[in-house]
Amino acid sequence: MARGLFVGRFQPFHNGHLEAVKSILRECDEAVIAVGSSQKSHEPDNLFTVGERIEMIYESLKEAGLAGKCLVVGIPDINYNALWAKHLKILSPGFDFVYSNSPLVKRLFEEERVKVKPLKMVQRNEYDGSHIRKLMLEGKGAWKRLLPPAAARIAAAVKAEKRLKEIMGSDKL
Amino acid sequence: MARGLFVGRFQPFHNGHLEAVKSILRECDEAVIAVGSSQKSHEPDNLFTVGERIEMIYESLKEAGLAGKCLVVGIPDINYNALWAKHLKILSPGFDFVYSNSPLVKRLFEEERVKVKPLKMVQRNEYDGSHIRKLMLEGKGAWKRLLPPAAARIAAAVKAEKRLKEIMGSDKL
Amino acid sequence: MARGLFVGRFQPFHNGHLEAVKSILRECDEAVIAVGSSQKSHEPDNLFTVGERIEMIYESLKEAGLAGKCLVVGIPDINYNALWAKHLKILSPGFDFVYSNSPLVKRLFEEERVKVKPLKMVQRNEYDGSHIRKLMLEGKGAWKRLLPPAAARIAAAVKAEKRLKEIMGSDKL
Amino acid sequence: MARGLFVGRFQPFHNGHLEAVKSILRECDEAVIAVGSSQKSHEPDNLFTVGERIEMIYESLKEAGLAGKCLVVGIPDINYNALWAKHLKILSPGFDFVYSNSPLVKRLFEEERVKVKPLKMVQRNEYDGSHIRKLMLEGKGAWKRLLPPAAARIAAAVKAEKRLKEIMGSDKL
Amino acid sequence: MARGLFVGRFQPFHNGHLEAVKSILRECDEAVIAVGSSQKSHEPDNLFTVGERIEMIYESLKEAGLAGKCLVVGIPDINYNALWAKHLKILSPGFDFVYSNSPLVKRLFEEERVKVKPLKMVQRNEYDGSHIRKLMLEGKGAWKRLLPPAAARIAAAVKAEKRLKEIMGSDKL
Amino acid sequence: MARGLFVGRFQPFHNGHLEAVKSILRECDEAVIAVGSSQKSHEPDNLFTVGERIEMIYESLKEAGLAGKCLVVGIPDINYNALWAKHLKILSPGFDFVYSNSPLVKRLFEEERVKVKPLKMVQRNEYDGSHIRKLMLEGKGAWKRLLPPAAARIAAAVKAEKRLKEIMGSDKL
C-alpha cells in the first residue's frame, strides 16, 4: 500500500487541488494532504484559518467520495528551511512519495530520502490561489465555480469576500 | 448535524480512547480527535511523534469502521493557557461540543462559549497512558491487548518498548 | 463605569493620539492604551522601544491631566492573527469597547463579542507616524510640534533623529 | 526625580506587595510595578491572567491613593536568563533603582549597571503568594483579608477559589 | 591580549571577508567571527546553512594559516533589536572590540559599552554577497575567484549554483 | 579525513570532557564540540553562559595543544526531540561520527543515518557536572582540580562559586 503526500497552503482549496488529489490517488492508495502555514489567517495571502481550510478539504473530499482515502494534517511554519521536510515527516502519518513541482520542496525531501514525483495540475491560470482571491475581492462570486461546491459553500458561509475586503482595507496587525 | 471534539495526547491511543470515540459518535454525527502536545515525542511521557499517533488513531478507526466519521488534527502546545481553547478552535474544523472530564478544559471552553459534555471513559485503571507506558517498559508486550489491534501493530512496528527503554536510560536532550 | 481600549504602535505618540484619547474619555470613564509590536524597536517603522513609548504616553497624559484615567499596556506581536484579539483581552485589564477604524480589528474583536466604535482622529495627514518619522529623518526638528511636549522631549532625549538616521543607513540586523 | 522598579508575579497582589510599594514610594517619586510571567495563567502557581493582575494592582493603588505615582507593565518570560534584566529594561519606562531581595535579580541588574536596593517586606509568612493560594483552595475566603480590598474584590469576581480548584483537579493542558 | 568581533551573515564567506579578518588580526590577537541569521538557509539571500558557512570560514582560515587565531560562532536571529547586541555578547566568548561599518550595530554595541571600530573592507563592489549570489545564479562559476579557494570548494561541493536556481524557481515554503 | 562530534552541556567543561576529546582525536582527525542548551545560564544546572563555556573549552584546548583540531559550536534547545539530531547536523560543520553513550542520542542520530560510537569517559564519579557544581556550592575551590587549568581560571574569573550560591538562594526568574 502506498501513500502520497500533497503539500500546499490551500488558500482556498480549489478544483485544481481536487484534480491533483484525484491524480495522486490514481498512483497511490491513500493521500495525505498537508496544510501549510497553519498558524496564518486573516492576511491578504492567507485568508482562511487552518480549521476552515481543513473543513473545506474534508467536505470537498466527502463530496467527491474520496474522504476515506485521504488524511488532512496542519503544518505550522517552522521558519528554519533546512528542517522543514523533516518537520513535515514528523507531523504527518508515514508516506511513500511527495507530489510537488517545487524544486525546493523536491530538494529538501530528497535530502530526507523521500522520492518526489511531479504533481499534475490542470488549468494553472484559473486554478490558482491568488487569482481566486483577486476574484473574491471583486465581490461578485465569480470565484465560486473554481472551487468544489462544498469548499465554495464553506468559504461563502464564513463571508470570504467581506473578510478579504476588510483585510485589504486595514493596516497589518 | 453535530460534531464533537475529543482532545488528548494519545500516548498511545488505547481501547479506552476508542470506546470514548464510539460513545461520542452515539451522540454526534462526527468526531474531531485533537492530538495535543503535537511537537513532543521521545520523552518518558510523550513517547510517540504526532505523525505516529495520528496514524495509530486513523488505522484504529478504519479497523473499527469509524474512519469516515472522524477527523484527526494535531495541536501544538501554546504554553499560554488563557489562549488554549481558542487556539484549539482555530486549528480544528468547526465543532458543536467538547467532550472532556477535565474541569480546566471545561472552564476554558465555556469561556469560549462551547458546551462541554462529560466523557464516558471505561475501565480507567487499565486504559491509562501511564499504565500502558509502564507495561511497555517491562518489555513483555502486556500492553498490546489494551490497544486497538492496529494501534498495537503500529506501536510495535516503531519498536515502542525499545524506544521507551532508551529514553528512560538517557538524560534529557 | 466604562473603559475603552485604544490600540496602536505609537511610533511615536503624537497629538492625534492624544486627541483620540481625549475623545475616548468623553465617552468612557477610563482608557486602556495598548502599545502593539512591543518587542520591536530600532527599525525604520518601529523606532522606539516599548519602554520609551510607554514613557512618552504616560508623561503626555500627566501633562494633559489624564494620567489618572488611563492605563498603558505593552502588547507583543503574536503572529497568529486569529488569536490576536483574545491575546489583547488577556494582556489588558477588562474593557467595554474598542475604539478603532481598522475593519480587521473590528472583525477580530467582534468575533470576541467586543463592541468596536469608530475612533475620531483629527488632521490625519500631519498626525501620522510615517509622516513624523519622515520629518525626523530630515533632522530639523519639524516633527516636534506634532507631538505633545512631553513626548517630544522624551524623543529628543533619546536622540530620535540620530537613531533613525543610523537605522536608515544600515542593513537589517 | 527617582523611579524604582518592583518586579514580581503578583499571584495575587497582596498587602505585603502594597506595603512594599509604599515603602518604595518613601524613597522614590514613582514606582514601576513589573508583572512577570505575563503569558502564564490557569496554572497552580500562576492563577490569574496578567490582565487580571494589572487590574488588581491598579485598583488597589487607586484605593490607596497611589495610582498617580505608579506604572504597571507586563513582562513575558524570556527563558534566557542572561538577557532577562535587559529585557526588563526595554519593556519598562526608565527607572533608577530596582528593589529586590533576590540575589539573582541583584546580580543580573548589576551586570546592567542598575543599582539594586533591598525590598522591605512585612509579615512574610502570611503575605505570601503560595500561602494565599493554599487558603484559596480551602475555599473559605480566609485569604481575602490578606489582599487589599480592591484586589480581593477582583479575585472574588473572577471566582478565584473555583478556578484554582478546577486547575488542581485537572491534568496539565 | 585583545579580541575583536566580526559579525556578518557570510552568504557566502568571500575574499573581502577574509581580508577583513586579516585586517582585524593586525590590531587584535584573536578574532571572533559571528555568523548571523544562523537558523536561515535555502532562501534567495540566505543560501547556505550555518554549518556550511562555519565550515567555509574554518577551512578558509586554515588555508590562510589563521585558524588558530579565530573562533567562529553561530548567532540565531532574535527579532528583538534592542536585545541584539547583548544576545551577541552572551553567545560569544569575550571580546574587546567590535569591527563594523553599520551605524546601527555601532549604536547597539555602544549602548552595551563595547567600542566599535570601522571595518576595513576592500573592493566592495565585487566582494559582496548579493553580487556573488547573482553570479551563482548565472551558473558559470564566475563567483569562484571571489571566494577563498576552500570556501569556493565547499560551495561547489554542496552544488551552490543548482541550489540557488532551485530556490529562485520555487515559492517560499 | 574524519570528523567526530561530541555533544554535551559542558556545565562546566572538565577533565573528563578533555580526556574524551583526546580519545576522539585518537580515532578522528578533527572533533566538533557541540555545546547544548546554549540559551541557558544562571540556573542551578546551567551555571555558565554559552559564551563562557565556549571560552573554557577553547582555552583548555589551546592549553592542551588541541585547538587546531577542534571546532566548537553552540546549540540552542529546540524542544522538539524528533528534530534534534537534524538540528544539530545543520548547526554544525559536517561530521562523520557522533560519540555518545546516551541511547536516545544514539537512536536519534541513527535515524539520521549517522553512526554513533561509544564515548570513553574516565573516572565518571568525579568528572561529573553535578558533582562539580556541588563542590562549587561548598565554596572551597575543591572543584578546581577537576577542570583543565584554563577552564578553572575562567570559572574563577566569573566568580562561579558566588554566582551559583546566588542562584541557589533565589526563586526562579
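Things worth noting here:
Order of writing sets the chain letters: A, B, C, D, E and F. Residues in each chain are counted from 1.
One rule holds for everything that comes next: contacts are C-beta pairs under 8 Å (C-beta built on N, C-alpha and C of every residue); 3 or more make two chains touch, one makes a residue touch a chain.
From a predicted model like this one, the values you see are computed outputs, not experimental measurements.
Homomeric contact chain C/chain D is classed as same-residue, with over half of its interface positions used by both copies. The angle of the rotation carrying chain C onto chain E, fitted on C-alpha atoms and rounded to the nearest 5, is 120°. Centre-to-centre separation between chain D and chain E, using Cα means, comes to 44 Å. Centre to centre, using the average C-alpha position, chain A and chain B are separated by 25 Å. Note on chain placement: the centre of chain B and the centre of chain D lie 37 Å apart, centres being C-alpha means. Multi-chain contact residues of chain D, defined as those touching 2 or more other chains: 41, 49, 82, 90. If each chain is drawn as a node and touching chains are joined, the picture fits none of the line, ring, star or complete shapes. Contacting chain pairs (ordered by label): A-B, A-C, A-E, A-F, B-C, B-D, B-F, C-D, C-E, D-E, D-F, E-F. On the side of chain F, the complex with chain B involves touching residues 36, 77, 79-82, 84, 102-108.
Those residues of chain D that touch chain E in the shared complex are 82-83, 86-87, 90. Those residues of chain A that touch chain B in the complex are listed here as 38, 41, 49-52, 54-55, 58, 67-68, 71-74, 76, 89-94. Listed in rising order, the residues of chain A touching chain C in the complex are 39-43, 49, 163, 165-167, 169-171, 173.
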